[in-house]
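Once you scroll down, you'll see the structures, which are given as structure tokens.
After this come two complexes, each holding chain A, first together with chain B and then together with chain C.
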Partner chain A sequence: MAKKHHPTPNLDQLEPGPWPSFVTGLKALSNKSEMIGDLLGQLEHSYQTKKGYWKGGTISVYGYGGGVIPRFSEVADKFPASREFHTLRIMPPAGMHYNTDILRKLADIWDRHGSGLIAFHGQSGDIMFQGARSESVQPAFDEFNALGFDMGGAGPSVRTSMSCVGSARCEHSCFNEARAHREVLNNFTDDLHRPALPYKFKFKFSGCPNDCMNSIQRADMAVIGTWRDDIQIDQAKVGEFIAEKGRNYVLDNVTSRCPTRCMSLNDDDTLTVDNHNCVHCMHCINVMTKALSPGKDRGVSVLVGGKRTLKIGDLFGSVIVPFMKLENAEDYERLTELGSEIIDFWAENGLEHERCGEMIERIGLENFLEGIGIEVDPAMVSQPRTNSFVRTDMWEEEAEKWNQRHTGEASA
Partner chain B sequence: MSTEARNPIESGVPDPFQYMHPVMRKNFGNWAWHDRPRPGVLRHVSHTGDQIWTVRAGTCRQMDTDTIRKLCSIADEFGDGHVRFTIRSNIEFMLADESRVAALVAKLTEEGFPVGGTGNSVSTVAHTQGWLHCDIPASDASGLVKSVMDDIFHEFTNEEMPNRVRLSTSCCQINCGGQADIAINIQHTKPPKINHDLVANVCERPSVVARCPVAAIRPALVNGKPSLEVDEKKCICCGACYPPCPPMQINDPENSKLAIWVGGKNSNARSKPAYQKLVVAGLPNNPPRWPEAVAAVRKILECYKENAHAWERMGEWIDRIGWPRFFELTGFPFTRFHIDNWRAHRHGLNTSAHIRF
Partner chain C sequence: MNAQVSELVANDVTLATNEDGYLLDPLDWTPEVAIELARRDGLELTEDHWRILNFMRDYYEEHLIAADARFVIKYLATEGGYGRNARAELYRLFPYGYMQQTCKIAGMRRPRAWSTG
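Up next is the complex of A and B:
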């Protein structure tokens, strides 16, 4: 059947140029999908009027509350075939690994039940299957689900997570990101599929402090790989690096760019690191990928409370666990338990539509820590309090806690 | 229509090992070092001596299934049939040795998938939906991204920047695109226009009142109907009320503008992660090619490329040269709107005699 094509003079201008054009892809799809033909019509209408025409609603699959983003057109009289254009958020494999067989199967399902438009990936990390009619949502999900894929999060729920490529390919990786990602998330499938929390809650897993998953910025709970022993130095490779790049390059771009100036270049072209002052920023390791690597005593730092603007302004996550090991089953279980403690406390104490970081801003980090049973640590602050507006009449007791923890550590 | 309801299999996050390249599976957690033989190509070497070669290419993120099949065919014919996607919607093809890398690069280039986005290049713009699918956008991220990436294409396929550059764009002030070296975001400039006939039926009024960051919304009776009103003197035009209450239309074809922010940084390398800072607002939301926003991005990139030292990210460069010099170099006006007046705003003030002349 010949499909009706709307004129798209604005969108046509997004076809030329060297970058891949989504318009070209949509036009190709419109030859076999009437829905995409009308979608292009509505999009062109948006480009002409500079307004959006989608409204939300309520669509879900049997057994779940969330994961489908319903879209109903406000201009369906002009573009009836894209009257309904819902998105299914489907969780990708941790680290977003695919083989061509599974990608083709996903594409085939979406050609059968949806528009044929897929986004790899949404900003939370879902595969976004865009463009389903209401009656197609369930059969499409059933096929994805049978293939081993599950619905992602939407609404006030635990959201789909992301982990970096990590141990699968990257020498900076300090833990098994895929395992942490799956163990933690798969513990919260109920909170993910049936939205009942104050607002969204995002976990992200980055294998090292380069934080390729942007977790400090955009995760309510960020799990970031680190190490606590000495940076590993291959002095022979340091020598090779200097032979190739020159001493001055190392002085200008490695030692003097160290945020704590904890490195020095010796007269014999070896490097010395004052490891107690290393803050694990990754810079020197990023520059000298062959000569330097993270230490061997690896684990993670956990930061809590990151989010973007609304409502109180941008918040970065802040440290609540400076270091924990992630090696054996108990370690991974402890990480999941920490997530549970945090979500439970926030579910109890957060206001409607209040992200975890906003709750912490409202009640204070020290109250949050008490609520989840974590002791204070100077690594949690960039500096101590600068104002005197605080009651300190419990000083002796609090000081005693610190002393006891430190006596305990000394005798352990 | 199916008559029997099927219970979902609550399987959660799929196991990646079943799809992973066998060399990556075999050397999981045992990688020794990497280098970048050319822009868009990574070589990782394991402690066993095994190598995995990665070729990274840009995509337009929302792809039709035939484009996905084309990428699969390329992966099968020129690679080992295993791919992954990066957080910025680049696709990566993994190969067990170098021999087929050049042919894969050539094929991707021929098929219009630019190879690059590694190291100190400008990678793909992180973005979301816009008019294509979102229910609250004032703009179209995909079109803006296409326009920007066409313009700075050379910087994606080459590694000529002082350090990596991360871009994002967002079609409303919720800012799904996130922190970036350069972020191009909608900035509304007028309070919402309220359709009082619809508010009572569509909006949960107490939630909408609670959503406002500056407490500018209050319940009111308008024409005898329960509705909401906005104290327009207090309103900061952020649009937070619009998602929970669509009759409070914030999007305005002329008055929803674009603003550009710089110096956001997620990595902990050298300096701590940093928030992006406002550089210029009031740029027209001008589809289909947004020339004013594209030109502003190019200007900032040119100044950074020319003036920053090696390894300095955008924000680190500006920290070194100071904001007066940044505004001088880029030619953007410094206005009263650049001075933060939100919570904890004094952190943004210069409380010292450190001044550059």
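Up next is the complex of A and C:
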């Protein structure tokens, strides 16, 4: 049956140009889905009137308090097929690994129960199955669930987590991202599905300081791979790189772009790194992927309090654990416990609609660290010598305290 | 979202609700209203339900806002004696969620839209 297409002169303007257009995609889908045809109609209507016409509602599936984003159209009389256009957030596997069989099954389920439109993946890290009618939400979820997938997070709860592709494809990986992701998130399943926190809480896992998951900027608790020994240098590969690209290339693109000037290119075409001054920016490693790689003593840094703007401006996460190993079951348990401590403290002390980072700003990092039982450590501060907020009065006393703590730990 | 689009008859009194069935004025709430709202959701209210609803009504009277889910869970954990099982108990009683079901039956206004980002 031929579907009715609304004229979309404004949307059509988004189709020319070099980039793929979502309008072209939606038009193609509208040939088999009436919902999408009316969705395009409503979007064009919005473009012309410069107003949005979606409103929220209260839809959930049995046993869950979040995960469905209800959307009802306020112009349903004009565009009846997209009258209800709810979204199901479904959690992807750690590292977003799928096989084509699973992808086909997911798409088939959504063709049966929804509009066929899938955002893969949304900014929240979920697979966003967009365009369900109210009565289709539960049966669609039941089928996803039977396939082994679970609902993602929405509302004031722990949210769906993200981890980078990690060691599956990337040589920079410094820990088992997928395992950390699963172990931590499995511990917070209840907090994810049954919202009862002051606001959202996001975990993200990046395998190295490139931080492909943008966890510093976005995660309330960011776990980022790092190393504490020396960058590994394969001098033979350095030689090959120079032979191919030339010395100037290395000077212009590697050594002179080191933020702490801790590298030098020697006359015999070898590289020297002053590891003590290296800040793990990853630039040289990204450029010379064969010659340089992260050190061998690998682990993670944990940062807390990152968020995008809302009440107060954007915040980066603050380092609360400069380095911890993540190798055996106890290490993963410690990471999960740290997450629990942070969430419990924030749930107790956060105001309604206040992110963890905002609470830390309000009460002070020192009080926060005391609350979750972590001792202050100079390694939490990046470049203390050039940081104008670092106070050096009482230096001797503080240094003595630090020394005592560490002697205590060593003898314990 | 404040416009009356629907109504609810409980104990021979007709009350205004929004289109999702939430009361427009929480002060209209009576136990009979709760029973009717629960019936629409296919729930039969037991003593365990009432304990939660009464806590929420007391909280509303004191603060004039709906209690956060975390406060209800804390109440169940401590005074209800459920400890770490408090959240499971809340969802056993109101399986479609705190905002979606508990708040509605307790006569709260429809909570503002959640952050979904």
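One rule holds in what follows: the second predicted complex is superposed on the first by the 382 of 412 C-alpha atoms of A that agree within 3 Å, B and C clash if a C-alpha of one lies under 4 Å from a C-alpha of the other, contacts with A are read in each partner's own complex, and residues count from 1 in each chain.
Just so it is clear, a residue touches a chain if its C-beta (ideal position, glycine included) is under 8 Å from a C-beta of that chain, and two chains touch if they have at least 3 such contacts.
In this text the structure is predicted, and so the values were computed from the model without any measurement.
When the two complexes are overlaid on their common chain A, residue A:Thr272 makes contact with neither chain B nor chain C. Of the two partner chains placed by the overlay, neither chain B nor chain C lies in contact with A:Asn248. In the superposed model, A:Val165 lies in contact with chain B only, and not with chain C. Once the two complexes are laid over each other on the shared chain, residue contacts for A:Thr407 go to neither chain B nor chain C.
By the touch criterion defined above, A:Ser256 lies against neither chain B nor chain C after alignment on the C-alpha atoms of chain A. With both structures placed on the common chain, the touch criterion links A:Gly56 to chain B and to chain C. When the two complexes are overlaid on their common chain A, residue A:Tyr98 makes contact with chain B while staying clear of chain C. Legend: residue contacts after superposition of the two complexes on their common chain; A:Asn367 is shown touching neither chain B nor chain C.
Touched residues of chain A were counted for both chain B and chain C, and B has more of them. Once chain A of one complex is fitted onto chain A of the other, the partner contacts of A:Pro195 are limited to chain C, with no touch recorded for chain B. Residues 55-56, 61-64, 69, 123, 190, 308, 352-353 of chain A touch chain B in one complex and chain C in the other. Residue ranges of chain C in contact with chain A, taken from their complex: 1, 20, 68-70, 73, 87-88, 90-91, 95-100, 104, 110, 113-117. Residues 55-66, 69, 123-124, 154-156, 190, 194-200, 308, 347, 352-353 of chain A touch chain C in their complex.
By the touch criterion stated above, chain B contacts chain A in their complex at residues 1-2, 5-21, 24-25, 28-29, 31-35, 44, 52, 54, 58-69, 71-73, 75-76, 81-87, 89, 91, 94, 112-114, 126-140, 142-143, 145-147, 149-150, 153, 156, 173-179, 207, 210-211, 213, 238, 240, 246, 251, 253-254, 256, 264, 266-271, 273, 275, 285, 287-289, 309-311, 342-343.
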